[in-house]
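Chain lettering (A, B, C and D) follows the sequence in which the chains are written, and residue indices restart at 1 in each chain.
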Amino acid sequence: MNPQELLLWVRGTGLQLATAVCVLGMTYRLLHLALLGRKKNLAEARGSEWGPGLRTMWRRSFVLPELSARGKFTVVAGYTFHFGFFITLLFLSQHIAMLRAVLGFGWPALPHSAIEIAAILTLAAMIALLVHRYMDPVKRMLSGFEDYLTWLLTFLPLLSGFMLLHGIGPAYTQMLTLHLLSVELLLIAIPFTKLAHMLTTFSARWYNGAFAGYKGVKA
Amino acid sequence: MKDHDTLEHRLTQQGISRRSFLKFCTAMASLMALPPGTAPAIAAALAQAKRPSVIWLSFQECTGCTESLTRSHSPTLESLIFDMISLDYHHTLQAASGFAAEKSREDAMKDFYGKYLLLVDGSIPTKDNGIYSTIAGRTNLDLLQEAAKGAAAIVAVGSCAAFGGLPMAKPNPTGAAPVSDLIKDKPIINISGCPPIPSVITGVLAHYLTFGELPALDELGRPKAFYGETIHDRCYRRPFYDQGKFAKTFDDEGARNGWCLYELGCKGPTTHNACATTKWNGGAGFPIEAGHGCLGCSEPNFWDAGSFYTPLAAPTSNIGAIAGAAALAGAAAAVALSAADRAKKKSLQQTHEKLTVKDISN
Amino acid sequence: MKDHDTLEHRLTQQGISRRSFLKFCTAMASLMALPPGTAPAIAAALAQAKRPSVIWLSFQECTGCTESLTRSHSPTLESLIFDMISLDYHHTLQAASGFAAEKSREDAMKDFYGKYLLLVDGSIPTKDNGIYSTIAGRTNLDLLQEAAKGAAAIVAVGSCAAFGGLPMAKPNPTGAAPVSDLIKDKPIINISGCPPIPSVITGVLAHYLTFGELPALDELGRPKAFYGETIHDRCYRRPFYDQGKFAKTFDDEGARNGWCLYELGCKGPTTHNACATTKWNGGAGFPIEAGHGCLGCSEPNFWDAGSFYTPLAAPTSNIGAIAGAAALAGAAAAVALSAADRAKKKSLQQTHEKLTVKDISN
Amino acid sequence: MNPQELLLWVRGTGLQLATAVCVLGMTYRLLHLALLGRKKNLAEARGSEWGPGLRTMWRRSFVLPELSARGKFTVVAGYTFHFGFFITLLFLSQHIAMLRAVLGFGWPALPHSAIEIAAILTLAAMIALLVHRYMDPVKRMLSGFEDYLTWLLTFLPLLSGFMLLHGIGPAYTQMLTLHLLSVELLLIAIPFTKLAHMLTTFSARWYNGAFAGYKGVKA
């Protein structure tokens, strides 16, 4: 298999496989959670579920004052990483060109220098979080193999993408292949790992809010 | 047709001055990125070079490669060199025809056994015993295998001979194959491109005449001096790629400003060739200069690498349909397993046992 | 010499086909980045354009600008246009000489008062009443002021006329000045460059003939269509600047690889001109393509902007000497004031008072 | 004055003026400190001055465990900013070309992508430190006009340099002029502000160490 054939495979069959695994897995997980068949709550509802549920989804996406006990560092680096990751993912022109080909529509890209800033800050935040995870005694105790694996699977697409855009490392063909492969690995890992939190975190927040709302408690 | 006199002698006969000859050697040296001091060495070697016998076989091809080479931009000297080494057998260019033509090929193969250069353009059909292309009643495969036996080296000219090209594109009805898939025991140099750049073949031949060996090759058998960098590496529109400025259509403001053609499907980043530096038609330009993205014609499988107008970042197969099917399958699995869980729960309830997390499907 | 027939008529007379003429108009439209639909409009306007009277005055100059223009790369059409509008008075190009030449200038100024175009190349000496350059006994200053009065517009051709150029470089012994410093009441267009690109002046004249007015100018009076971008913006070596790959000498590996010439003093980043896109000598190349950095010849004061071989980042005056002198001065001040402090301390000690931080010098 | 003349002035006279002020001021300050005329220590020396002095200069350049009470954030952001600033200053090829013209010698540059990473992290660290200075009640109390001024004077050369390299903002000529002007402002400010710590901090550390060493105390 020459480099062009390998690239063609990751742009075609490879991406199809990864997408299939990711979508199938995540649809199953979410729907399975929804259909778990909890006991019907026989108590009279003292408030609505939807309003508080959605409100909690929204509110828990931002740092509450009482949570800053987690330490400013984790909060700042964590938010930098999540925001930077999504800016890089959704506003780099090459990514938009890719999404346009899949979705049929696109949106304006950010200038490359803005993406560059986001990407470098994201990479730096991820490295800092890894170092902190390993240095901090409590975090270290709480971390298992999966935590380091998911870190790596998230880091690789960012790193290979940065190298591709900056012409660092192997030739473009090989680097693009590596970048796409790393993305496909990430897609495949999502349903089987903690990375599934990218969707379940919102349903969990909704459930918490809705539960409190049903009981008439301020969520 | 077999006067093996020196190149210098022939050049003088044709009225080519030594000055023009030295200019040509310098240009070749710089084209192949050899140190400046090499030019006199090339000149000395070329001047004394004996004319090697060359057999040129054309198989499943469109004659575009020959057209490109004979229309080289400084025809006097380059075509002379080309001419000098290629007279023994060439379908298109030779005067002889029929039995006389085949005879001259057979004579050359016998007289210069082990020493002649074999140039091939076009791919070779292999399906159904190769009957899809025959010359004088013999299949291309047969002719190639026979001619390859006595060849010192084989030069695969053009993407069809080098990588299979258009004839090998899906569904490849003739079972077309490149030279390197069929001949394994001879040095093969691939000069890919559809067509290849004329001065690249002249450069390779000049290198062979000067140093008596083929130049350094990349992993796909192409001379590194010409295929060592991508179109993207040397593209004059590269700054706009780096700045993220892309033409979105072929006639928008970006296109008029000369911005990068990546989003219009340019394959420059993954294509190794010298177009951006040597240019075409006497330096007039190359496709990207004319406002069209690179097709990637010097790379393997370029006809099957997705649309010429799809960005490199885009998938080459349908992702939406796969995602839809996967979502349906996931939903079906979730519903089925949840139903099973509920049934289990019900039956446990009837025996007054309790369903635990461990019991439900995951 | 004063047959004001149309351009179309003259072109037909000269055997220029309508096809060639339309090609020229399209090239001009694209050169000036006008919408594609403009080409027919230019053709229609140019074809019917009456030949405007033009007076060309040459002052402190080297004739390089005229040489550049008359050696334009597609001479048939461009020089015809040029020829058509420039015959009334031009030292170098006219057949007449002596009194006859001056007479034709005076006649043109009288006959077409308020309507003729005044082209100027060379700077104008102003020191000692401008005696450093005279023609027919009259100073350049005098001739310019007289000719400017009746001009519809003035075109300053070349960096000398536009910005003073070499004659105005330090120490400017003749008190040379550009046209725009001396004439304030006429529209002036600066076509800078040493020499300017031939097609730029043709383009400006075609624009004037087509639209009856000068094109849009930048803050230095240059047509934006040609001087809107820097050499650096369109340089084919720009990717290497962005990657930080620089040639360190004119014959190192970086130079052979075609890396950026910034460290060898290229002034491309601060130079506004069209060299990188229009190229020179029929598209053969431009200085950077020949391996030499841009001199910045189309910018004001380019002779005084430091060495042509000093990087843009480097200081243009001696910093080491200044730093040394400053260090000595600082040391001297510290020693002197410390001595004063000690003296003060001693005298305070004698009166049994204490020296506090507030007492010492800062 | 046209843009070219202005650029010429900042590359010539402007830079000479700024250098003169900076060098004169700093030479004066350092030498004046050295000649302050402290009372001769009449006690017998129980150890040497030079060794402990130099050792302290070196040791205090790194974070001591007991100092991490200052808060991890300030330490990490502070070191990132100082190191990033000097990497950008000393290893960008354009800067080396400039220093070679002044000093007569140069050294190998880092690749542009490495400089880019350093520059973006430096800018981010400086912004984070500014926000922290303003948000943290103690730091805010301790900060005066000069602290914000020196922050700005340090930030501007970095920002204008980043914009220059990335083609953001005005044309190259104007942007290079602004970058050089911002550097010259910084040079002029050094001797008159806390920025002088870039030299005095080392002499102060030496003095501390030497003082302890003289008394035979472990510095």
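Criterion: contacts are C-beta pairs under 8 Å (C-beta built on N, C-alpha and C of every residue); 3 or more make two chains touch, one makes a residue touch a chain.
What you see is a predicted model, and the numbers here were worked out from it, not measured in a lab.
Under the contact definition stated at the top, no chain borders both subunit A and subunit D. One simple way to say how far apart two chains are is to compare their mean CA positions; for subunit B and subunit D this gives 55 Å. In terms of their C-alpha centroids, the spacing between subunit A and subunit B amounts to 41 Å.
Shown for subunit A are the residues that touch two or more other chains, namely 111.
Residue numbers of subunit B whose C-beta contacts span two or more other chains: 242-243.
With chains as nodes and touching pairs as edges, the resulting graph is a single ring in which every chain has exactly two contacts. Shown are all chain pairs that touch, namely A-B, A-D, B-C, C-D. Those residues of subunit C that touch subunit B in the complex are listed here as 33, 233-236, 238-239, 242, 256, 258, 277, 283-284.
Taken together, the subunit A residues at the contact with subunit B in this complex read 2, 4-5, 7-8, 11-13, 15-16, 19-32, 35-37, 92-95, 97-98, 100-103, 109-112, 115, 171-173, 176. By the touch criterion given at the top, residues 219-220, 230, 232, 242-244, 246, 262-263, 269-270, 299-302, 304-306, 310-320, 322-323, 325-327, 329-331, 333-335, 337-338, 341-342, 345, 360-361 of subunit B touch subunit A in their complex.
Residue ranges of subunit D in contact with subunit A, taken from their complex: 72-73, 76, 111, 113, 116-117, 120-121, 124, 128, 166, 168.
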